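In what follows, chain A forms one complex with chain B and a second complex with chain C.
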Partner chain A sequence: MKRSGSELLKSINLRPFVESLIAILVGFIIGAIVLIAFGYNPFEAYYWLFHGALGSTYGIASTLKYATPIMLTALTFAIGTRTGIFNIGAESSFYFGAIAAVIFTNIWDNMVFGLVMGMLFGALWALPPAVLKVYRGVHEVISTIMLNWIGWFFVLWLIIGPYANPNDPNKTIRIPVDARLPEIGYGLSIAIVIAIVAAVLTYFLLWHTTTGFGMRASGMNQKAARYAGMNPKMAVMLSFLIGGLLSGLGGAMKIMGEGPGYAISQGGANIYGFGFDGIGVALVGRNHPLGIILSAIFFGMLRAGTALMQVRAQVPLEIIKVIQGIIVITVAIPSLYDLVKKALRRGAA
Partner chain B sequence: MERTPIIEMKGIVKVYPDGTKALKGVDLTVYEGEILGLLGENGAGKTTLMKTLFGMLHPTSGKILIRGKEVQFKSPSDAIAQGIGMVHQHFTLVEVFDALHNIILGMEGHGLFSKIDVDKAKERLQKLMDDLNFKVPLETPVEDLPVGVQQRIEILKMLYRDVDVLILDEPTAVLTPVEVEELFRVLRQLKEEGKTIIFISHKLNEVMDLTDRVTVIRKGEVVGTVNTSEATPQLLARMMVGRDVVLRIEKPPKEPGEPILRVENLKVRGDRGEVAVNGLSFDVRAGEIFGIAGVEGNGQTELIEAISGLRKVEEGKIYLQGKDITGKGPRELYDLGMAHVPEDRTHMGLILDMTVTENSLLGLHWRPDFQYVKGVINWNKAREHARSLIEQFDISAPGTEAPVKALSGGNQQKLIVAREVSKEPVFIIAAQPTRGVDVASTEYIRNYLVKLRNEGKAVLLVSADLDEVIQLSDRMGIIYEGEFMGVVKPEEVSTEEIGMMMGGIRYEEIRK
Partner chain C sequence: MDAGSVISILITSLMAMVPIVLTSVGAAWSERAGVVSIGYEGVLLMSAFFGAIFAELAGSAVVGLLGGMLVGILLGMLHGALTVYLKGDHVIPGIGINLLAMGVVPFGILAYWGTAGQHQLPQDAQMWHLQTAYGDLSPMVFVTMAIALVTWWVLFKTPLGLRVRSVGENPEAADALGINVEKYRFWSAVYGHALAGLGGAFMSVDWLGLVHKTMSGGRGFIALANMVFSGWNPLVSLIGGWLFGFFDALAAWLAPKHIIPGQFILMLPYIMTLVIVAGIIGKARPPKADGKPYKRE
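The block that comes next holds the complex of A and B.
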């Protein structure tokens, strides 16, 4: 048994983790150069960034709050990648999750019902690209981009039209009090716990079940998967639907768990962009559910630290976005790790 | 007679970036106007050595001299400029282009608007073909031509570039016996014309037949060079593998039992809708190896895929132990006692990026032995399983959690065979079981197939390696355009007769 234990240890590959860490470091260094170029003090800026994100209970709560939706949309992207599809439909599934939560909790003010309906509608919106992909071979990038737009305008109409709040024209009708997610404190709801559980379940599904084995096998080699008695079509279908469920959950929790409004803002400002941010989170998290938990929290940190960085170090939000972008790009350079390793080795010799 | 060396390679060392030492100081001399055989197992370093000579790889250390002058090739075009040409194992033709355009490709002029002088090129090419009595159709798209002709185009491509030295990497791997004869005729003629030829192979008979001298390479080192006239196949085999190889398989006579697999009037279509398998009927009995020989592309792939549930059956029936399995999927078939060593090891048999453990679980993953509860994989059991496969089949692998792509071709194939056998089948399909596999693993796998037969399993062997089919089969069917030209016992027919059947002549007509 001991032998199997040590082999198990060996099987945990730390390389992706180290690679992402290096990418983050490089991102910060390049970011510092950008900051200097624009006349800011990078040490001061980074100090306030981290102070804002982790320096107080409120900061930590904000970090986790920001981490929640992107954790779920990142899972959608990752589960797609693992099954060999480039699913960028998380964005619109997120809208549908949000609007479904608003609609259905106002029919029956039950929290679980709201979450389930959010998930269902997220999955429902993932169904067309799934069917088109499996039965007609339509490339998912095309179909999901189209459906993102269709979904966006449809949901926008619902927000402005039937579900606008007659007493507050800047918002939709609110989630009823009984259906809201309980708060942990400092504006943080149990959504983060649910998101982390979802990530762990996704990990379990992909790596510890026969279904997940089939999904990953199909993602790497459809022919071999079919030969091994698996069903690649089913794998693709499941990948879209589970992805839709996760993003739908993200959308529902965004509205059900974030006070004081508990409503979608007019123009959809508080539900827009999370699907796209999730792609970056998934990349930094190496498309691994457990990596995504960490990477989402890291992105949450960047977001939460922004306020103090803006106020105390006077760094505009745009620069922070630049740093985030640089980190995503550095992670996307696969050989960066080797380059850094070689440079270090040369330096040591 | 004092001969002039045209190529001298001295102390060539090649270390790949991952640390693999492919060549460990190789010396090689090639004389002008000879046919030199370069013999070695898969992975011995033959191709690496020749790619170094052709400028595709750069030696880590060592010298290359052409006609006594040291050269350093940056790319194949440098080598071609020095008169060295290479025909690769995998062709480098643009399939939709015709031969003419393939041959002049890269010589069309490199200005943005330079004009391709097709007529002049064609004229020159025609003259070249006439001089050598070596013809290919110039204006048919390459994809519509047989492999043998495509290979000739590759050779012509090099000759058109005025090379003096022609390197051929395993040129016969894809050819029929008749095409091999034709190729040898051409090569001998090229030798008459004063060309020098380096012939890479691992087939002893071919090397014996064609070459003047043979240099044997083993594990990145030269074992020795002998004049072919003084060599015997046994001697070369010993040099190649470093021990005596059992070139014949021990196969005790055995009375076959009940039919396990029965195929009735099977019709299957290929990818392009053509009839690939045309009304085949045969059975494979318990304790029997039924071999299917034939030139590749005559319906073998479609036949296997139909039997193993991967391709739709157009007409006809397939029975396994009397049970109709027509149209059933792979999973059901495995449960009914089928196993399948697929012909495409890297695209079907394995998932290269997955670990050894994961790969050894493919097709077994739904079995309760490997699950805690239904649907949840017990990776400890799976690892144990992988470990036992590695031990039983003597697979050399860095560990159960290493990606399977880290294994050599031979070990990958052994892993597939091991996994398939662990399904405890009654019927096993072995498609190209030893293609691209080193001699030691080949021997192991072949003996294992015989062992399965001796244990009373039914084995369907499909192979492009005719020797393999002849040696292993109890009965063999020779397939041509989706039909059997004959079903015979290997010991009752001559190789020549088999060759004729592979070329499309029916057994009855031959024996008339």
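The block that comes next holds the complex of A and C.
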């Protein structure tokens, strides 16, 4: 039986999308209040923010560039949530992906080899919390946060020590020319395409394969998962490993997808924070891979706009993290949609 | 290692213990009532920042500590409103609070003091310390011990404590006995976050005398690990918290000696947390209704 157009439209649930939009709006409003409180002009700040992100081809390219790493770390968090775990470990898997790319492309200057090693090491670093969860019952929030710190100091040691660039003390050794990701234009590499493909593949895995069905079932109800033929332990392991792999890929592409001379900076500043930002991206994208594509582009836009906002409106770029935090807290309000609808109705009456 | 270094590590470990123990004690109370929060890391960081502003404006460290507590109370009310009254998920608001802190604090340091990443507090905004030959000791160390003791006593030896534990263990039964589950849960969350706020302000106006954009350094999560390790018991968490403080102090003492690269020493508290939690967790039993929203039938 063929469904009519209007019926099809009704079957699409717009509620999560509208809720995210409301949360974004609230984020900007409270962000404006914070800006006013510290003596900045919010209209000027937001004007330059959007102008910087969307006002030119270069701006749009850098929006997509900033969207890439957080899209992948968001997928890590989303796969975790869909299988019933709060995986905060994307942050450190990202570090390992980045440093693995630097190390292994300097052994064999091949792009695919670099990406594969990045994914492999990202997944390897996700193994300890998976094992601790499955066999010792350690809560993943505690284990992944501790491993984020351990991983940070370990990678920092690699950056400053064995893999520091002897000719440029501010960086690690570079990615060889032959191993760099090809550029599309305006400084944007094919990394964004790979990230979107990864999001679509994640969607197919979770919603169109038996393994994915078992993973999601175990996230909702362990008993149901067993009936569906999925071992819940296996689901948790897979969720961590695929998650680590995606963040590792993100870390590798962050370093391999830039111009010549680019490397991890001495203090690790250019590989820090992407995992945490990814959590916000995932929550606003409602832990759905396709929602995450949109949400990552939105947050990439915010990040891309800060350069112009800092110069023209003299507003510190950290304001976007304030807005991001407010958005996430607002998304956490249950049945936000109904609350707003009720308030609007009361306002109209 | 001579006796002097041992005493000095022990004194530093007492200072390092304070934020972890205060947060663990608060989290233990809140979870005993059934409210889980992973936002303590953000509470520590934001109260360290706002506590420093309060202390500078008033020229008093005590006002700073109270200001930090106020920040904790407000964030606890936010968490309580979302989880207890609106029946939302207990983990996501904490993620939001942590992300918010990562924005508010670096932004605030820059916007308020005009320095990037770090600000040194003037002398009059810093806490008075007991001077010893082996290092400073803050009166807050004793206040923390007293808070842990009193919280334990109230929680396990008074009718109020019994009611708090009942709403976290079996809210249906508590409700049937006429206990207002939502009220007890809400104020328990507020108390938990308030203690973390005190701990955060302690770091800036008392222990370190500075504000840094990453100064919470995972302590909010170490405190949660300590709470589990201590079996949700405030008095035991004093011992556990001292143990974590000891590794913190040991790392700080070892770092300038360059025996092994500094990064490996800085990992120590986190590795120990992981090892301890992995070692004992099988036996840990959280309160039965911990993290589960309660809806009246």
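In the analysis below, the second predicted complex is superposed on the first by the 331 of 349 C-alpha atoms of A that agree within 3 Å, B and C clash if a C-alpha of one lies under 4 Å from a C-alpha of the other, contacts with A are read in each partner's own complex, and residues count from 1 in each chain.
As a convention for this text, a residue touches a chain if its C-beta (ideal position, glycine included) is under 8 Å from a C-beta of that chain, and two chains touch if they have at least 3 such contacts.
Note that the coordinates shown come from a computational prediction; the quantities given were computed from them, not determined experimentally.
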Touched partner set for A:Ala78, first chain B, second chain C, both or neither: neither
Touching partner for A:Ala217 - first (chain B), second (chain C), both, neither: first
First (chain B), second (chain C), both or neither touched by A:Leu245: neither
First, second, both or neither for A:Lys321, with chain B first and chain C second: second
Superposed model, chain A: greater residue contact from chain B or chain C: C
Touching partner for A:Ala228 - first (chain B), second (chain C), both, neither: first
Touching partner for A:Ile264 - first (chain B), second (chain C), both, neither: neither
Chain B versus chain C as contact partner of A:Met117, first or second or both or neither: neither
First, second, both or neither for A:Ser143, with chain B first and chain C second: second
Those residues of chain A which chain B touches in one complex and chain C touches in the other: none
Touch list for chain C against partner chain A, complex: 38, 78, 82, 86-89, 91-93, 95-104, 106-108, 110-112, 217-218, 221-222, 224-225, 228, 261, 263-264, 266-267, 270-271, 273-274, 277-278, 281-282
Residue numbers on chain A that touch chain C, as the complex places them: 34, 38-40, 86, 132, 136-139, 141-143, 145-150, 153-154, 156-157, 160-161, 273, 276, 279-280, 283, 316, 318-326, 328-335
Complex contact set, residues of chain B against chain A: 308, 310, 329-331, 334, 340, 342, 344, 347-355, 358, 361-363, 365-366, 371, 375-377, 379-380, 383-384, 399-401
Chain B-touching residues of chain A, taken from the complex the two chains share: 4, 7-8, 10-11, 208-211, 213-214, 216-217, 220-221, 223-230
